[in-house]
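One chain, chain A, links the two complexes that follow: it is found with chain B in the first and with chain C in the second.
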Partner chain A sequence: MSQSPAPVPFIDALRDAADLRLPGSGLAWLDAARRENLEAFIAAGLPDTRAEAWKYTALRALGQRRFALGDAQATGHLVDPHALALPGIDGPRLVFVNGVFRADLSRLETLSQGLTLQPLSKVLQNDPEPLRFALSRHYREAGDAFARLNAALAGDGVVLRVAPGARIGKPVHLCFVGTPAQGDVAWHVRNVIEVGEGAELNLVEHHLATASHKHLGTLVSDIVVHDGAKLHHALLQNAGEESTLIRRGSVHLGAKAQAMMHVLEIGGTLVRHDLHAELRGDGARFDTRGVFVLRGRQHIDTQLSIRHQALNTASESIWRGVADERARGVFRGAIVVAEGADGSDASLNNKNLLLSPLAEIDTKPELEIYADEVKAAHGATVGQLDERALFYLRSRGLPRAEARALLTAAFCRAVFTALPNETLRDHFSDALLAHLP
Partner chain B sequence: MLKIENLHARVEGKDILKGLTLTVNPGEVHAIMGPNGAGKSTLGNVLSGRDGYEVTAGSVLFEGHDLLAQEPEDRAAAGVFLAFQYPVEIPGVNNTYFLRAALNAQRKRRGEAELDSMQFLKLVREKLKIMQISDELLHRAVNEGFSGGEKKRNEIFQMAVLEPKLAILDETDSGLDIDALKQVAQGVNALRSPDRAFLVITHYQRLLDYIEPDFVHVLADGRIVESGDKTLALKLEEHGYAWVAERDPALAGEAST
Partner chain C sequence: MTIENDSPVVLRDNAEVAAALGRRYEAGFVTDIETDSLPPGLSEDIVRQLSALKGEPEWMTEWRLKAYRHWLTMPMPNWAKLNIAPIDFQAISYYASPKNKPKSLDEVDPKLLEAYDKLGVPLHERAKLAGVAVDAVFDSVSVGTTFRKELAEAGVIFCSMSEAIREHPELVQKYLGGVVPTGDNYFAALNSAVFSDGSFVFIPQGVRCPMELSTYFRINAGHTGQFERTLIIAEEGAYVSYLEGCTAPMRDENQLHAAVVELVALEKAQIKYSTVQNWYPGDEEGRGGIYNFVTKRGDCRGDDSKISWTQVETGSAITWKYPSCVLRGDRSVGEFYSVALTHHRQQADTGTKMIHIGKDTKSKIVSKGISAGRSSNSYRGQVKVEKGAEGARNYTQCDSLLIGKKCGAHTFPYMEVKNPSAIVEHEATTSKISDDQLFYCRSRGIGEEDAVSMIVDGFCKQVFRELPMEFAVEAKKLLEISLEGAVG
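And now, the complex of A and B:
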């Protein structure tokens, strides 16, 4: 007689999830997609470290926790709008608190010509049909657990479209706020972003917390950058220090499309970021610049994968990781230059700094090339602060902690020199410095 | 100002300083000369507090306080400055930013008001005149891509800005051509004052043509074996370090290397 497996509280808490009334409930195609994804998630459970994609990130502890299915009070929490502001960012803003859209905190009055920006909850009410394809997806890989969960339970998010040829001057600010609620909440956000042919968009994604909480947030973002379009995406992840945040982004680029992402990860206790880019059109370019700075027992796992599928495509990825105390960082950078993507140029560089003997960073660059005349370079290192430099600074009068911070900031700084908005660049530097112990 | 008594120090288990005694008063310039391996750089490193140097006996008092008990940053704030033999390149850290942070950290430690960027800029302009250093160097990362001469001039420039009471120049002349050497010496001379002392560590007499010492000491096998005025340096130049060894047979083996 086979023994039934021990109950997993995380899964147990989803027992009644199928009966939830979410925005869009009642739409037959959406109900079906949600139900199927929920069933698939429950059947497969949380991935364990035997799954390659989760090798360095154990979810056992998460599996033992029970989260409330959303936050019924999300529209009532007091949030100071000033706390959401980022210096130099004064354009349209979409704010979500514990995963729920907050009209009172958002700024949607004066949208530029060609920009459509709405919360998913509203789009599902008014005009869901264009999202049918995006929201009917089935995720098949074992590593896709959270994408399934998100597809099953996301009721809100960002729907953003830039019309072909439109150049959106002011950055669009997407703000995800975590705030304490009754119990630990799991919230799920789904973003659909499209930059039309020849259009330009500046996006600033900001995760933050009003106070400490232990929520779980999942975000799935699908971004399409059409032919000749340009996207700049800056992401400041400063989520609650005890929160869990799981993000999955996919970026598809058309011919001569360009996307540049700047990522700074400092928040959360358990953070996972999957970023997958497909360069589908000839001459497409995808660049990422990222830094993660960890302390305490933070665990951040970044999984970057880039697929060159067309002629003369280019990607450049520069990432820095810093871990202090007992923190653990994981970085996987996988680049595939597929057959036919001749003349492509791919480079990946990941350097990491351990500030404590108990900290750990695992880095794994992977490069697969199936095309001709490809330029490719990748490198990854894990090291410590240069003791000679540290002594040099101290011998000039800088206390040890200040000297360490100065060297650590210098280690990371080069990554953000290309951030176009100078005020935001300074803010990134300040946030990074403030997070150093 | 500086009182070193019977200092013994070891590096990686090897005894390097073996009973060094030296007193430096305000306003004096002392040259420490000696063959390779005599312990010259070890002396500079021990005084500035570098890790890896174990003091096994003796004492160092700086203005009456135990210098060896202090962290490197505290020694700097107390007024001790080491011009490195090999200044470290620090990519990503702006030279000016670093120097202002260092100066303000020292001032803070001494209970003095920190300088704002305008005040600091004014100070830097004054010191630039003394050092004849191009202000382009100030905007670069600390020592990054600097030539040998630029690195050494940058050391002296830092010294000018930080205004230490005791400056230790560790083989500042090494690797410099004659023009760079003159510039460095000129900078040092401009900083000589009745309340500032210098410890000039060098292998060659050449530097002392430009920085005139009040005292010259010969360091051999971890001890000062000969002291005198500037003419001692000339004698050494003429006769080589073997001359000292001949006067002290115990050192014969050292000096021949």
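And now, the complex of A and C:
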């Protein structure tokens, strides 16, 4: 496709991005990868709704906006560390404000044995070589636009390693804070996380804002869970209500590896969440539980894809969506069972509540099966609250709004019953309730 | 003769199965009669010539040209999960008609009737026995229409599309392209430009069509594409059940079939459209076979109307087909029942669209996919509930059965809901034939092939139930034949 006739401000703002000094600039391999990804992003531009992966999420409005290339004052913003705390989470913490690492807000003194936890900016300064493979990747797929942009411009993020056999007791808290700055900022964060053989890790990823802002954040997380390792990942996305967040996580699981992910998405005005899991080793298991609750003009597009590539792998996905007011929720849940992945057991369940005549839900569960010794099933529904249940609550004296909130919360809460950290589970419930209209 | 490498040894040694595997496509014979065709190629001239050959009025020629010009601007769609070799539209002859045109059934070339005989089409006497009125389309031109008189008495018009253009231009002009516009999609545009014939059905107000109507399509001459256009109109309170069957002879090269079917149901009208598609699927290695690109759409225009699609798809190298319902009228109902079976290297991407526009509209989708050999079988469906579709209800069930390790079964449902009072449900499962079921049957002394065919039959029952009786029998038989040698 040749260049579009009208200039796209979003792309236009990247014109000088190639000259940007980022952590790691000067490393020949990194410079080359960044340059190539930037060129590829600019050449392809933002995807439009004709691309299947963006069918329900139009980026035209985003294309008309101009973002500053990072926030130069990011280390200076005043952020109350208490606002970052999550109940029940008192382990190591890594904090990024507008995409930049903040040592003053982080807690890295008492790391358990076997845990390496550093900001990417520091690793790029001191010992970048081990990241060479992960960071020189070129994203070539049509749907990879933002991964390219991220690869071109990310200068910070999380580098986390758990040594083989290490069991990290206290959850690691990753905190991404958006805060108002001069103008609208685009920040890009890149996480590289590795859980060694037989190791265990608890991860809490938390997106929040200190005040309203209109930044764009992109986050790419590559997670590898080696043979026999276990990962529990809880994601609380409560980003600024006018912010845009594009998150892409990929999880690769080795033999008998297990990963469990809990996701609660309530923040942001435009959120895109891509989550790809590849079950590469025999006996691997990947479970996700997720909820999005939307109101106002929020638009959240969740794209879950799970690929069974080895024998006797299992995955179970349970997702709930609620859209009220003028919100639009998009869910795609794709399960692929590759040729030879016999004994795969995959299920996906997606239920949605549509609460307003101006809201919309688009859901698309998919199955692609290339092996025959499999059990694969998916179900999806879109509906509304049970009038009889509402009536029952109202007959007990509950005001309509309250009854509605109670039923909606109950609809979502089931998803978090398996969240191991009880205090965190309660916090998720509270955050959810607080977000209900 | 090939047997899948991973077939159990038991089967490999079974002579009977081996013989079944080598069985040839039963409808694969070529009828040797002279045909009168246009030279291969596609241009405005060809479209004009085609229109002139058919003695069409000016408005029809213009309509075709408009579609052709639109088609030129369109790219071939590539979103389906199909691997299609490039199609050379210039190598296809867009018109082939038997030379000695018959005046009545008695004058029909006996060879042709013989061909229908082999296919088991109940034409002529058999038609009467079966109580079916047949509009047989043989290489694009309708050769004989039975039961015209009886139908005419009821006020039903059932004739070929060419005839309808001549005799009922007002109806054709009013409805043609009203459901599937000329520029709707690539293949619909192509069809609009070059469609050669098809069936036209008009059921006037309040009439219940006294018999089931049926068309048999057959591609005979080599290098020809078949482009039919079917239009069925059911006026207020009318009812019609329409049957369509398709076969084609065996050839090495791929042949193109791009049909358009339009249904219009006015207030309280009901249309039931059943298809058994058994186009030549190509051989074990995927050589030859029909490319089947079909646009079928029904418009429930009136309140309380109902359109029901039932399809059994066992043939074609490539199937690209999404019979849809636009539920415009309040309380209108759309139904889609489908069995799609792919074997060897067949590819199918088929499903439906249910567009809910009117209030309290209902739709039901039951899709059963069976893949065997190295085939690929996808269900692709869309359920869309528009803002005003208060109380809309959809239920979708898609089940896939895998037979063998080299095939694929896929499900791509799209659900778009804009009304908070709508309820949309989708369920899908994929599995292979359960060993327990097989073992049970085997322990009762039922052979493996028969057991599989019984289980598959049970798997499809929900859809077969919707077929008219004689079609259900045929469909069951077809499935058995298509599945022969697939057990592994």
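Basically, the second predicted complex is superposed on the first by the 433 of 437 C-alpha atoms of A that agree within 3 Å, B and C clash if a C-alpha of one lies under 4 Å from a C-alpha of the other, contacts with A are read in each partner's own complex, and residues count from 1 in each chain.
By definition in this document, a residue touches a chain if its C-beta (ideal position, glycine included) is under 8 Å from a C-beta of that chain, and two chains touch if they have at least 3 such contacts.
If you're wondering where the values come from, they're calculated on a predicted model, not measured in any experiment.
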Simultaneous placement of chain C and chain B on chain A, clash or fit: fit
Partner chain(s) touched by A:Lys364 [first = chain B, second = chain C, both, neither]: second
Which superposed partner A:Leu354 touches (first chain B, second chain C, both, neither): second
Touching partner for A:Ala338 - first (chain B), second (chain C), both, neither: neither
Broader residue contact with chain A after superposition on the shared chain, chain B or chain C: C
Which of chain B and chain C A:Ala44 touches, first, second, both or neither: neither
Partner chain in contact with A:Asp372 - chain B first, chain C second, else both or neither: second
Contacts of A:Glu52 with chain B and chain C, given as first, second, both or neither: second
Which superposed partner A:Glu387 touches (first chain B, second chain C, both, neither): first
Least C-alpha distance (whole Å) that remains between chain C and chain B when both complexes are overlaid: 15
Where chain A meets both chain C and chain B, residue numbers: none
Residue ranges of chain A touching chain C (in the complex, touch as defined): 52, 56, 339-340, 342, 352, 354-357, 359-384
Residues of chain A defined as touching chain B within the complex: 386-389, 391-400, 402-403, 406-407, 409-411, 413-414
Interface residues, chain B side, partner chain A - complex: 48-51, 71-73, 75-77, 81-82, 84, 87-88, 90-93, 98-99, 101-103, 105-106, 109, 141-142, 158, 162
Touching residues on chain C, where the partner in the complex is chain A: 79, 385, 387, 400, 402-432
